[in-house]
Amino acid sequence: MSRLLHALPPLALLAALAALPLALGSNPYLLNALIVTGILTIGAMSLNLLLGYTGQLSLGHIAFFGIGAYVSALTSLGFDVELGFGLRAVHEPWPAAVGFVLAVVAAGACGYLIGRLSFRVRGAYFVLVTISFAEVVRLVALNWVELTQGPLALTNIPAITLGLPGLGTWTLRTKLQNYYLVLAVGTLCWFVVARLVGARFGRAMRGLKENESLALSVGINATRTLTVAAVVSAAMAGAAGSLYAHYLRIIDPEVFAFTTTVGMVIMVVAGGKGTLMGPVVGGLIFGLLPVALRPVMAPEAQWIVYGLVLIVILFVMPRGIVPGLAGLVRRRPARAVPVLEASPEAPR
Amino acid sequence: MDQLIQHLVNTLILGGTYALLGIGLTLIFGIMNVVNFTHGALYTVGAYLTYLAVAALGLDLFLALPVAILGGLLLGALIEIVLLRPLRGQDIDTTMLVMIGAGIVLQSGTLWIFGGVAKAVPSPFPEAPLQIGPASVSWLRLFVLGAALLLIGLTYALINRTKLGLAMRATFQDADTAALMGVNVRVIYTATFAMGSALAAAAGALLGPVYVVHPQMGGPAELKAFAIVILGGLGNVTGAAIGGFILALAEELGAGYISSGYRDAMGFLIIIAVLLYRPTGLFAKAERVG
Amino acid sequence: MLEIRDLVCGYGHVTALKGLTIDVRAGQLVALVGANGAGKSTTLRAISGLVPARSGTIRFEGRDIAGAEPRRILAAGIAHCPEGRRVFPQMSVAENLAMGAYLRRDRAGVAADLARIYGEFPRLAERRGQAAGTLSGGEQQMLAIGRALMARPKLVLFDEPSLGLAPNIVERMFAVIRAICDAGTTVLLVEQNAFAALELCNYAYLLETGRIVRAGTGETLIADPHVRDAYLGG
Amino acid sequence: DTVRIGVNEPLTGAFAASGTYVVNGAKIAADEINARGGLLGKTLELVIEDNKSNPTEAAAVAEKLITSDKTPVMMGAWGSSLTLAVMPKLMDYEVPMLVETSSSGKITTSGNPYVFRISPPSALEAETFAPMVSKLGMKKVDFLVLNNDFGRGAATDFGKMLKEKGVQVGLTETMDQGAQDMSAQLAKLKGSDSDTIMITSAVDQLVLLFKQMAALGLKKRVITTGGSQNPDQIIAQAGSAAEGTMHLTTFLPWLPEKTPDPKATETFIAEWKKRGFQFAGVTESFRGYDGIRAIAHAIEKAGKAEPAAIAKAFWSVDFTGLNGPIRFAKSGPAGKESGQSKPDVYLIEIKDGRVVLPTL
Amino acid sequence: MSPILSIDHVGVRFGGLVAIADLHFDVQAGEIVSLIGPNGAGKTTAFNVMTGFLKPSQGEVRFRGTSLKGLQPHDITRLGLARTFQRTSVFPDDTVFDNVMIGLHRQGASGGAPGMARASLLDTLLGRAGASEQALRARAAALLDWTGLGGRAREKAGSLAYGEQRLVGVALALATDPAMLLLDEPVSGMNASETRVFVRLLRQIRERGITILLVEHDMPMVMEVSDRIVVLNYGRLIAEGPPEAIRSDPAVIEAYLGQGSAARRAAAEVREAACA
């Protein structure tokens, strides 16, 4: 029963999101905004796994997103690069769906690397390692022109094609198709996070976050736990990056921009870190806020309002929107407690 | 050889610049434990204030500096009282986000007021550089180096040698207990943030004439400042200064002898390497469990 | 000297003190004993201004200090050695002691007090330069006691000062407390080591769930069967 | 009733200054056209949107302009990566766009028939510069370029041209967009044996570079490319450090009489000043002005404000812009060619704090 | 019989400071041994070495015959050696019940208690961990009842009073299903009657076959429960033996017990206990 109650809000949200395009009458501009917001929200969900549940802030999270985007794009475009020592790497284009899988794997592998590091560095130092990692990856994407085209951007990235051998294929060209693809991937990621944080593994993460020495002393393996969290988180970010590349059909090293990570952090913390709903609610609000502001005011003013909205939300609900609202809902029955307290004695 | 000497001289000069960026953040991030995303914006504000003082009020650069520093101090105090004080005791990520919001507002505000076209602040120093053997250095940048070292020294002394510094450190380690010792905790909070902000503005004011002044100038500066402060060990003023010089050296030699495209990457690779070797920064303090 | 009347305070929806009344006379050593969670620490926190009073009054030397800021209360002459040591972990032993004398301006007096504390706790003298956070538990406790004494208060509040101290140091510490009291400083002592506290004090209060249930001299309370059962281990 | 043109420019973010200049130039053109009675008997309306200097936003803005605002033609999007991000949308919706600033070769060679460009790609700029190389007596050249499509493209295309002319090419150093301290790169260039440094960057960084070169005592011939130099701002901000530097520009506002359409240049500059803008901005804003004028010509020729008709009509646009004839030549794969106009390119020099044409 | 834990010539330095110098002693399975000594003698440091939080500068620790050299704290816990901390140490933002659930971490993994299914990451993702989750909850509830925290299960651990938080720490250590328990000042902050209750718990723990090494300054309690006492001063072992011998050892009295009431009372208590 209580399980059902818990499942209700996300299910309602999913239903609403699934029905939204019908309501919008497929306005392409709004659909476009929703798709991009959705992709970034998946990024935010992945960041939440690290920030919200292990307490480690990755300010270089965009690295995984960008790596996913590049791996996926290069897999589906093919490349031919000189590796030095007379070696060449030549790759013929593969279907975009394979690119998606490789993006998830490659980003996850990078997450493993960073996760191993996080065994040694925590807190601010972890933040710096992640920032540095993202900057290094960005500079490689920028400077390894032969592979990535550097700042000249990878263009003509094909759309994702779904299909099974023998059953024919289906290319996702329209916005509506892409919207549902993003929604599907997002739902899957939600599921993965929900499963992970709900059980033993989630308790291990919480333990490490609240009191690391004590967590170690009850047998929690910090390296393993943080690494698994980092791998899953990075893989999800890589999936989002792949969706981004195939939806936008062009990527350049700008995908590694620091501001995008900051945007994801805003989605997570303002929405409510360490909650499942938080990044989704935060993602929708801060993804769509610029769309709402665009027609009503000057460009500079839009940014100012964006910043002010952020500040106001945190003043009203310092722990984020979702915990804030949950607190409001819960507070009402709590007031009734003294009355209830008196009654149990009566029957006896 | 001549090129190496020039690189080393550049390192000294650039290191001074970086150290200057770092020390303001050391106070706020390293000691107060507020992830200060307004640092870049305050740096920008400092630069614009000098520009205004010199271009609009016709002040001399040396007179404009105190104006900018005072401006930074007041703005910092305002931010602390309005934005941070009500959120005292909240999660560090919450205050970080509020600082991100404030940073966005400040930066867009400067763009709105001053427009996107860069401004130049004239320098009172001779254009012809000082020649040191095969290397040359601009006078202005020597002045900046000197000012940076002075500010580092003053900040160090303030934190480690004065009663105010003692109270600051105590407050951010345990505010309740510091209050029990008689510290006016609220004043310390505001003063520390204001001082850190004044130092950020000072950096902008000093570097405005060296570079050009524009609304975006804070972004890269902020990222570097964070790197420098963490590299040096949180809350450690000398560490931050040394971190600045190390970063400068890595960048100079990286650009000079490896590849200018990877100039910034060199700095970040050094940071990763250092943190692998010393997971809590170069000059971290001892900790214990149990 | 200190009069508390009908004090009520708490945390969020927990009410820790439910109408507390105690008196501390000048020059006396008063003990406050009670079970875990009875509200002893809360009482001390309320006196020194860390927890706001919801109702009731706290008067010190005739002036109402309820609701004043901690530093004003310290300036009035009340020092507080908090529960759980609460040393400043990244500051050295010497700096921690300097913080104790934060409001004092008489350099000579401070230097003399410092020498006295180093004399009482030679361990601290040995470790002047060590970061307080790396001290052992007992060493930190000594530091917390020394720091409270550095303020040279009129009234000092000790919250479980014997916690984690070796038996011989506990003895020394109680002797020090007795000595400063004899020298004219008033003491309000909270102790789990109820027997020792009751032996030492001039007057004692027994606190249970936020209310005073017994008061009297140390001997009276030691003799009280209720106290013996519940707090002295029979 | 109006004819709408979408304008997709960076008004905030890294390129805010330039984007704003271009938009202001565009507004002058629109007002001028409306003062003359508008287009097809209707008022011309610019729908201006900020792409925040961000490619994703640039694509979103294109989406909005095309689908919500129903603009049949657009101008944009300043930087090459911004323009490249918009281009798939042009294909999807079959709406033409006039590209006023971007210089990447890819824009007109990737087979997008909805792109019409009036700014010169670096290959074209290099081609125009080629005859001057021997006159300048260049022997060996180093490059210092922005690490983006703009800078790297210039280094490649100019390098190729110089090698063909028998000039040696030495170092190619890069700097990040937004980087403020280039002393490491400059120290390296100081140590090289080249006689000329060719620099490609935007004006803010050029100011810094000239100041830092002076500080390092680096004295070599400097030629900048790319058309975003804004010599007046350089003179004002770099002072004597800019003395003797040469710049390849696409507009000659200092010497209106030497421009292809002196009268138009003078009226444009007069109107610019009348609106209270700094003279320094005209080297950027004229592109917005010419861009809107070119689009207006296409709409007139099309006879209706519909994307397909305008796209077709672009091929017959032919008038003299502020920096030369605007006429689109076919570029890129057969059947899907983009349009590329060939503007004039001038070499200017800064002498005694003024812009002059060097005597070669 | 081979010892369950042996400390083999262990030394620890912090810079120039010698916190432990050549410490050498064994604990036999089933014993309650106390490690006492003045403040700063190195007791907590010794615990930190035994549980992998500190690497000794010299010597090694063996547990059930396995050298602990190079093992991480969580590895050591898995071998069956658990500890509590001197400072109160709980997961403050979680309920007492969830604290214990976190403590049962190892039990949810492979090789848990009999009858408990292995819950791998894959099982977690597929939602197949449900059965073992049920079993864990039952164990947590049982453990809380045993330690007397049953009534506080729904409280946030961080808002409990001091003494109760210390009990939570013990419950957490017990949750790891240890063969040996290291307790660092478990009754500090408890009054005499609360200490009595705790001693009862301690005996029950021992009855379950768990060996105990205790650090404590409460002499009556130490004298009452210990089979054997090891005394440390300035990082060196100065005495070792049964409580009666330690109580009257002049070196121990000089360095640690003192001549005062506490020691006298301790002696009296032991005499009483002996009579009873």
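Going in written order, the chains are labelled A, B, C, D and E, and every chain counts its residues from 1.
The rule is simple: a residue touches a chain if its C-beta (ideal position, glycine included) is under 8 Å from a C-beta of that chain, and two chains touch if they have at least 3 such contacts.
Quick caveat: nothing in here was measured; it's all calculated off a predicted structure.
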item: Chain labels contacting chain C and also chain D; value: B
item: B-D or A-D - the one linked by more C-beta pairs in contact; value: B-D
item: Most distant chain from chain C by Cα centroid; value: D
item: Separation of mean Cα positions, chain C and chain B [Å, integer]; value: 43
item: Mean-CA-position distance for chain E and chain C (Å); value: 29
item: Gap in Å, rounded to a whole number, between the CA centres of chain E and chain D; value: 74
item: Centre-to-centre distance between chain B and chain A (centres being mean Cα positions), rounded to whole Å; value: 31
item: For chain D, residues that touch 2 or more chains besides their own; value: 12, 147, 174
item: Contacts with two or more other chains, residues of chain A listed in rising order; value: 142-143, 213, 300, 303
item: Of all residues in chain E, the ones touching two or more other chains; value: 14, 44-45, 53, 85-87
item: Residue ranges of chain B touching chain C (in the complex, touch as defined); value: 163, 166-167, 169-170, 173-174, 176-184, 235, 285-288
item: Chain A-facing residues of chain E, complex; value: 51, 53, 72-74, 77-78, 82-83, 85, 89-94, 98, 101-103, 105-106, 108-109, 119, 121, 124-127, 129, 133, 136, 169, 172-173, 175-176
item: In the complex with chain C, residue positions of chain E that touch it; value: 14, 17, 37-41, 43-45, 86-88, 159-164, 185, 188-196, 217, 219, 255-258, 260-263, 265-266
item: Chain C - residues contacting chain E, complex; value: 11, 14, 33, 35-37, 83-84, 123, 130, 134-139, 141-142, 160, 163-172, 192-196, 199, 229-234
item: For the chain B and chain D complex, residues of the former touching the latter; value: 2-3, 6-7, 10, 13-14, 17, 108, 111, 115-120, 122, 127-129, 131, 136-138, 140-141, 207, 210-212, 214-217, 219-221, 251-252, 254-256, 260-261, 263-264
